[in-house]
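Just below sit the structures, each encoded as structure tokens.
Okay, so chain A shows up in both of these, paired with chain B first and chain C after.
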Partner chain A sequence: MSRGVLDEESFRLCCRLLLQRSEQLRDGWSWKAVQGSEEGYLRKTALRSVVIDPSPARDQEGSGSDSEPRTSCQSCPDQQGREKEESALVASVDTDRVSGAIDDDEDDEDDGVCTVSGGSSQVLQYEYHILHSCSYAAPVLYFRAFTQEGRSLTLEEVWSSVHPSFRLRLQSSPLNTISLQEHPLLGQPFFMLHPCRTEEFMRPVLQAQDQHRPVNYVLSWLSVVGPVVGLDVPLKYSTSPGSSTEPH
Partner chain B sequence: MSDNAESPIETQKEESQPPSDDSTANDDKKKIDVLLKAVGDTPIMKTKKWTMDRGRTVQSLSQFISRFLKLDSSEQLFIYVNQSFAPSPDQDVGVLFDCFGSDGKLILHYCKSQAWG
Partner chain C sequence: MADDKDVLRDVWFGRIPTCFTLNQDEVTEREAEPYYLLLPRVSYLTLVTDKVKKHFHKVMRAEDVEEMWFEYEGTPLKWHNPIGLLFDFHASNSVLPWSITVHFKNFPDRDLLHCPSNSVIEAHFMSGIKEADALKHKSQVVNDMQKKDHKQLWMGLQNDKFDQFWAINRKLMEYPTEEGGFRYIPFRIYQTTSDRPFIQKLFRPVSPEGSVHTLCDLLKEMYPVALPSDGEPKRYQVVIHGIEPLLETPLQWLSEHLSHPDNFLHICVLPVPSD
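Now for the complex of A and B:
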């Protein structure tokens, strides 16, 4: 598990540990082996109540004019000056002595988070697979989703059901985020969450770990990517002593 | 959950909390202390210590930090607990504090990166 990458064997070890914990928590993961080999993947199904937003491209109403839309589709022209700008916000205060308060004083606006116009809520059946990618040396999340009538979701519908906190980023490059792929082991069409950024968001986690606090790569990775597609990773995975990779 | 990212930034010279209006009808107005630490090349927030309602979600906090740092839409903010995992966006910070807080505060690391793909 060095250099931010995950080899196949470490992947299987991480999966085994995750599986043990899943069984304790009854979280529903199971290991599916490819016949006649050690290769395999983790699998879980879950029901998910989803609002399919027919117009995913818009920030919802409610963001006031003075509040941010920095996070709308314009890019900030002055990226280099950002750190200087940011320190100007807090003026001349001594860092060590200052704390701030984040209050709910302006409670009236939901910042384009959950309010959706025109979407209807439905219960969908999700199936999640965690595979290992040799080329990325990382785990990859595959999934598919069906309505209760058995209809498979379209790619657009999947994009529309991405958690609101990731939706803006998804929109800037949707096909590089979630696309339809052939499942490497099953050969069936699955949606896939692209692994190319994995090393980037795993790096802080791996750098921070040491032998006293080893990290389960797959678990940490899953905690980041899971919520994007509605997969919840209960906190209890990380509060138990069983979450590390090192056998004691 | 009452999610709100439109919070004003209040900085103070001391660590006392400002009077907050009790307009929220919810039960628990208790606040928690959070220490925000930057990872890697991510801009460091000059104010690192914040108090906030227990009921605030991770997503709301993430939006607050993103705005504070003026991240643009192509940048994703990642938040880590215990430097080992990412809390779900819908998670209440109060619950995180209960599970992972120490010395009366919850330490969260944050990191920005380019968006997926």
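Now for the complex of A and C:
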């Protein structure tokens, strides 16, 4: 683990420790096992009030007017795609219409009425999964988000819900970014924070760890990547069980 | 190796005759004729179907057209998998041409990834290449490449230029002779017995004792039911690029020659058809 990588066994150990603490803190993490194997993932759902920013993400000054229809932000995870933004914009309008059509067919569980147009705050249901990637020897954060009507958020909406300071940083580095991917265990579309830079930013964290209080790789990693998509790690996690601050 | 170069060409130029038919529930202004295409096995559906889209748009009103998607016998086709894999997995024992249904509404966004532009396909393709190189060379080869090399891989695929693609891709296929192969083999096994989309784990081309791992060794470890057992009729076919390679084939050779352009070896395990 010292080189910044995490094998699958260590991943499961970190997850077990995280779960123990989560049970005490009651913050909703659970382990989902894949049928007939040791593999699985950590899962948590949360309601989150989000402002879908109507201004284009690339336009730092913002368009200013809230009454404008939502414009596409940078939808392409690769900066090379910039010249194609126009087609992405058209397509985002298309996908809106598609999902609108799906809404009509769905009778969703919640009776909360929340029809808010772009630009104002709305309550969204987030589902977060933490998986292990054997290729990158790193944990990976997958998530999806639904409106109260059960419509999935588009990539553009996800980007615009990311805090502008994160957004700028993520979009300027093409390898560390959000994209829509197939969930490798469920086969369904999920957003993913790309793991290929994980080793790089985890190495100093692990080098700095105190011998007497080893770092939980997954927890430290989550405290870095989680806030990007609204997943904050409570400080109480750092007063881990067994440390002197914990009463027995 | 010289003879084996032909294998790369044969894989690259593999085609599947396909008939695209418009879904019956789409609203059209006049009857939509089916559209026929030879699909490249190594490409992606959404990358090679501009003509299909244009063809059906001609008979539809603009307001009835949403994002295009494809279905085969009730199953939405995942464009992010290579075409050859989709065919082998869903339709390998059906008659040709492959009959695909085209939809322009009710996009199944709980099953399929949206594909609003070619840059999304490019990003997906490059992320496959990067993951494969993370397995093969700890990302060293792909990270040492210049941006124009990455672009050349993609342009080679997009424009069906074998030489352009392989001029760069051969670097991704190199390894230190003394190690006898890549660090790990990038592979995915697709099977029909669970909901899981594929099996992917770490597997080395050479055993710790120095013996060469074969396709059989891989399956023994990852998905043993696929292997025939003594005295029983064969229950599963192991298919790559539409053929059943010998189970004794070294995995390293398969990885170098039968991988898709994303540098993954996509392996289908299918039940033997019952008649």
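Criterion: the second predicted complex is superposed on the first by the 173 of 248 C-alpha atoms of A that agree within 3 Å, B and C clash if a C-alpha of one lies under 4 Å from a C-alpha of the other, contacts with A are read in each partner's own complex, and residues count from 1 in each chain.
Keep in mind that, in the parts below, contacts are C-beta pairs under 8 Å (C-beta built on N, C-alpha and C of every residue); 3 or more make two chains touch, one makes a residue touch a chain.
Keep in mind it's a predicted model, so treat the numbers as computed, not measured.
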Practice prompt. Answer with first, second, both or neither: which of chain B and chain C does A:165 touch in the superposed model?
Written response: first
Discussion item. Looking at A:233, would you say it contacts chain B, chain C, both, or neither? Reply first, second, both or neither.
Written reply: first
Worksheet item: Counting only touches as set out at the top, which of chain B and chain C does A:34 meet: first, second, both, neither?
Response: second
Fill in: chain B versus chain C as contact partner of A:182, first or second or both or neither
second
Worksheet item: Among the partners chain B and chain C, which is in contact with a greater number of residues of chain A?
Response: B
Discussion item. Under the stated touch criterion, which partner chain does A:136 make contact with: chain B (first), chain C (second), both, or neither?
Written reply: second
Item to complete: Would you check which partner chain A:23 touches, where first means chain B only, second means chain C only, and both and neither mean what they say?
Response: neither
Item to complete: Report for A:196: first if it touches chain B alone, second if chain C alone, otherwise both or neither.
Response: both
Worksheet item: When the two structures are overlaid on chain A, which partner does A:205 contact: first (chain B), second (chain C), both, or neither?
Response: first
Worksheet item: In the superposed arrangement, which partner chain does A:9 touch: chain B (first), chain C (second), both, or neither?
Response: neither
Practice prompt. List the residues of chain A that touch chain B in one complex and chain C in the other.
Written response: 75-76, 87, 90-91, 95, 97-99, 101-102, 175, 194, 196
Worksheet entry | Residues on chain A engaged by chain B in the complex (per definition of touch) | 63-64, 67-68, 70-76, 79, 82-83, 85-87, 89-91, 93, 95, 97-107, 109-111, 113-114, 163-166, 168-173, 175-177, 193-194, 196-197, 200-201, 203-205, 208-209, 213, 215, 219-220, 223-224, 226-227, 232-233, 235, 237-239, 243
Discussion item. Please output the residues of chain A touching chain C within their complex, sorted ascending.
Written reply: 34-36, 75-78, 80-81, 84, 87-88, 90-92, 94-95, 97-99, 101-102, 134-136, 152, 154-155, 175, 179-182, 184-189, 194, 196
Worksheet item: What does chain B use to touch chain A in their complex?
Response: 2-15, 17-18, 20-21, 23-24, 31, 33, 39-40, 43-53, 56, 59-64, 66-76, 78, 80-91, 95-96, 99-100, 109, 111, 113-117
Worksheet, complete the sentence: Counting only contacts in the complex, chain C reaches chain A at residues 66-67, 78, 80, 105-107, 109-114, 116-120, 122-124, 126-127, 130-132, 134-135, 139, 151, 186, 194-198, 200-202
